[in-house]
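Labels for the chains are A, B and C, by order of writing; each one numbers its residues from 1.
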Amino acid sequence: MDFVGQHILSVDQFERIDIERLFDVADEMEPYARRTRITRVLEGAILSSMFFEPSTRTRISFGCAFNLLGGEVRETTEVKALSLAKGESLHDTARVLSGYSDIIVMRHPRAGSVSEFAQASRVPVINGGDGPNEHPSQALLDLYTIRKEMHEQGRGIDELRIALVGDLKYGRAVHSLCKVLGLFRSITFQLVSPPGLELADDLADVLRARGHRVNVIHDMEAGISHVDIVYVTRTQEERFPSPEAARRYRGLFRLNQAVYTEHCEPNTVIMHPMPRDSRRQARELDEDLDANPNLAIFRQTDNGVLLRMALFAMVLDVADRVHVGAQAVHWYTARRTPR
Amino acid sequence: MDFVGQHILSVDQFERIDIERLFDVADEMEPYARRTRITRVLEGAILSSMFFEPSTRTRISFGCAFNLLGGEVRETTEVKALSLAKGESLHDTARVLSGYSDIIVMRHPRAGSVSEFAQASRVPVINGGDGPNEHPSQALLDLYTIRKEMHEQGRGIDELRIALVGDLKYGRAVHSLCKVLGLFRSITFQLVSPPGLELADDLADVLRARGHRVNVIHDMEAGISHVDIVYVTRTQEERFPSPEAARRYRGLFRLNQAVYTEHCEPNTVIMHPMPRDSRRQARELDEDLDANPNLAIFRQTDNGVLLRMALFAMVLDVADRVHVGAQAVHWYTARRTPR
Amino acid sequence: MDFVGQHILSVDQFERIDIERLFDVADEMEPYARRTRITRVLEGAILSSMFFEPSTRTRISFGCAFNLLGGEVRETTEVKALSLAKGESLHDTARVLSGYSDIIVMRHPRAGSVSEFAQASRVPVINGGDGPNEHPSQALLDLYTIRKEMHEQGRGIDELRIALVGDLKYGRAVHSLCKVLGLFRSITFQLVSPPGLELADDLADVLRARGHRVNVIHDMEAGISHVDIVYVTRTQEERFPSPEAARRYRGLFRLNQAVYTEHCEPNTVIMHPMPRDSRRQARELDEDLDANPNLAIFRQTDNGVLLRMALFAMVLDVADRVHVGAQAVHWYTARRTPR
């Protein structure tokens, strides 16, 4: 796949080789994201960031990534601001707004809406999440984090053993992560969920057909032993048919330091697509793990900036010009250690 | 009129010569808006964009126009954010906020509010729409589009024949467009509306007094024959005294390809102030016209960026410096053809 | 105190010498804020501006200050956008968002929330107001204004005579201003409030213990005679236990030109933390004072930009590099006199 000028709508667009090229570019973004150097490669370019569903994290991550490449960001965050309120079609909105910017990131509550928008857009569109459907940059940053964490242990992604824990039925992030992991070789998937929240059979079958090992497990403690990664997810309560249906699952699977110590291997990396639910009755990932150096959840969100910079750089065809004219940073950039 | 440092509040401020100068500057913005070159002429300048009424299109168009000149944009989009909630006068708000930026664009639901704000502002204010009253940049971009479309046919604006179709009573865009067209010579206005939604008599009389031909017509098909431009408008349902009063007019006048083919001249250009209402019961401008090369509605919105860049450049007195130090663009900027 | 890399959470962090250094830096920001020169010292840096409570004035003031130093601003203005809605802790939000920017300004309705956020942040956090608790940049800009106004009269802050008028019980601005004024020498505080809205005794006692003169006065006209500054405040109606409790105080103390002429010294400077309440029943500071050259309220808000630029410059350690490579401004920047 050639990234240049393409819409980024789904993880299904990518082959393994595309992902590896993208990750190599993401690695090169490190000095810019860590503020040791600045680049102005996209100075004068405009990102139109359109979030028709609340999202602080993803919106700011994309916006900062574009700023870090030197570009400007114009933002829309109000659902009701959309001219659709006056009967405008998504097609018209896309035709018009795509005349105002060089690239668009869009989040929308309806599955398929971002693809529909992209069809009428004259500039590349990146899907920032279309309801329960796709959120490709999340899957890519998760996989990129896995690559970096495994690299620290002197390994690659092939032959990874990963436990996916929690709500595997409604969790969009899990579905997409399975797909991109499936592009690699000999992955062991431990699908650890309460009965009723299992991963859809067809996706599991696809993974098996590709030669991966897929185990369906209902006992968390058994599921998280002997893996390289434990990827824990929040129960997606907002996607359940009713609040009562969701409440049954609250707090069923909880990972904390005691469980980790007893059941995990000493190097097992802990991940989560965030936000984690820290309310007393939920706590799928306890805060007592914050002192555990294998907790990678904040490295994940940091990696999101690198990954999104790489997406912008490749789609806008400046990946090989990022370093041209780059300069040292001369303001305070030390990162403190939070208490 | 000297644009430098002026508020842009109403189309009544302009003479024909002012408009022609403005349009000449807009023409020069083409390479920057089309991303073949970048300019940083307003690097360091700040636009304060204050939208106290929802608007995606106009807000982003102004914001991108300022970014394309190299400036920064600070935005306010929430009505309730306004300190007025704590009893602050519009005068105080203007005095304070005008200390923060170099120029202000403001939209507000109340007629006259932007002028009132401008009186207390220490920096130039551009009216981005004050309720049913004025929206000068819309009228100017419409006229600019007419000029460009006619230029393609080897003509000017003088002696234009234009059909204004639909809700001519509540349509703010139509009123302002009539005024600026009235500055030119020997225009034929075909005022095509359902009975009850005619253009106000006093405006029609002013146009006649200036020597233009003004015909009031209730039959759409007759009205759109023998014109250079068909300018269709949405029924401004939100401005009617009641939803019932508005509903009577829904779908009365509809232009589609079949009607166009049967009644229009082959070069007749189709315009619309957007958004068009694509709901089944409305559809004043059918989507089957999207394949018609004379449909200029997306060229209109693209032209809006050029026109707004020109307004900023002239008010801030940099029109003759835009090209100084301009550079080539080196990222992907091809515009795709939407499906 | 060393500003570099520090959180700015409370006026209690500052000694007199810190404040004087800060103000000296603010003075140097004048040509940039007045748009006679531009600096790009923070080009490439990102401010994350997170306002979880409506605020136009403070948010735009901080944002413009950062833009004027050459940096970019990413903004969040919606309370409900916060992932907290999905059960995320403030700690997690801070850990994540602080990976996206170089510095954060945050406003939040809950007292103590900004400090809590700062503890988990990896980058410096500036408190933009945490409910009834602290709003340090407001106190600092007030004091900075006092310094400049007194300097015009050939004096310093020591031995200042100031009348604080109005709601001294709920007014956050007054409390913080008293604290920073208390760092100077021999201040006379005229605490002028209706019975029931007096300044808290403990704060008054602290000021007395430091050797200042503190007079509690219930008669406005007596209180505002023989002072250098009259600092009038709005009744903070939203912080009263009930609307009825607040309404009793509405309009009790009003300063207008007639009262000023009769009771104030000719050079007495009038200040207000803004917004002033211009509704007929309130009007603690009448608009007929707008023609009075001693009315400093709009100079206060202008000074806010200088002060906030200085805070950013000192925390990010670029105060001594601001002038490097600074350039002349070549666009229209004349400030008009409002009508």
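Everything below uses one rule, namely that a contact is a pair of C-beta atoms (placed from the backbone, for glycine too) under 8 Å apart; a residue touches a chain by one contact, two chains touch by 3 or more.
What you see is a predicted model, and the numbers here were worked out from it, not measured in a lab.
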What angle of turn lays chain B on top of chain C when you fit their CA atoms, given in steps of 5 degrees?
120
Copies chain A, chain C: same or different interface, half of numbers shared as the threshold?
different
Averaged-CA centre spacing for the pair chain C and chain A, given as whole angstrom
40
Which residue numbers or ranges of chain C touch two or more of the other chains?
72, 75, 77
Which positions of chain A touch chain B when the two form their complex?
4-5, 41-46, 48, 72, 74-78, 80-83, 85-89, 91-102, 119-124, 315-318, 321
Taking the touch rule as given, give the residues of chain B at its contact with chain A in the complex, in rising order.
35, 38-40, 54-57, 59-61, 63-64, 67-68, 70, 72-73, 75, 77, 234, 238, 274-279, 282, 287, 298, 301-302, 305, 327, 329-339
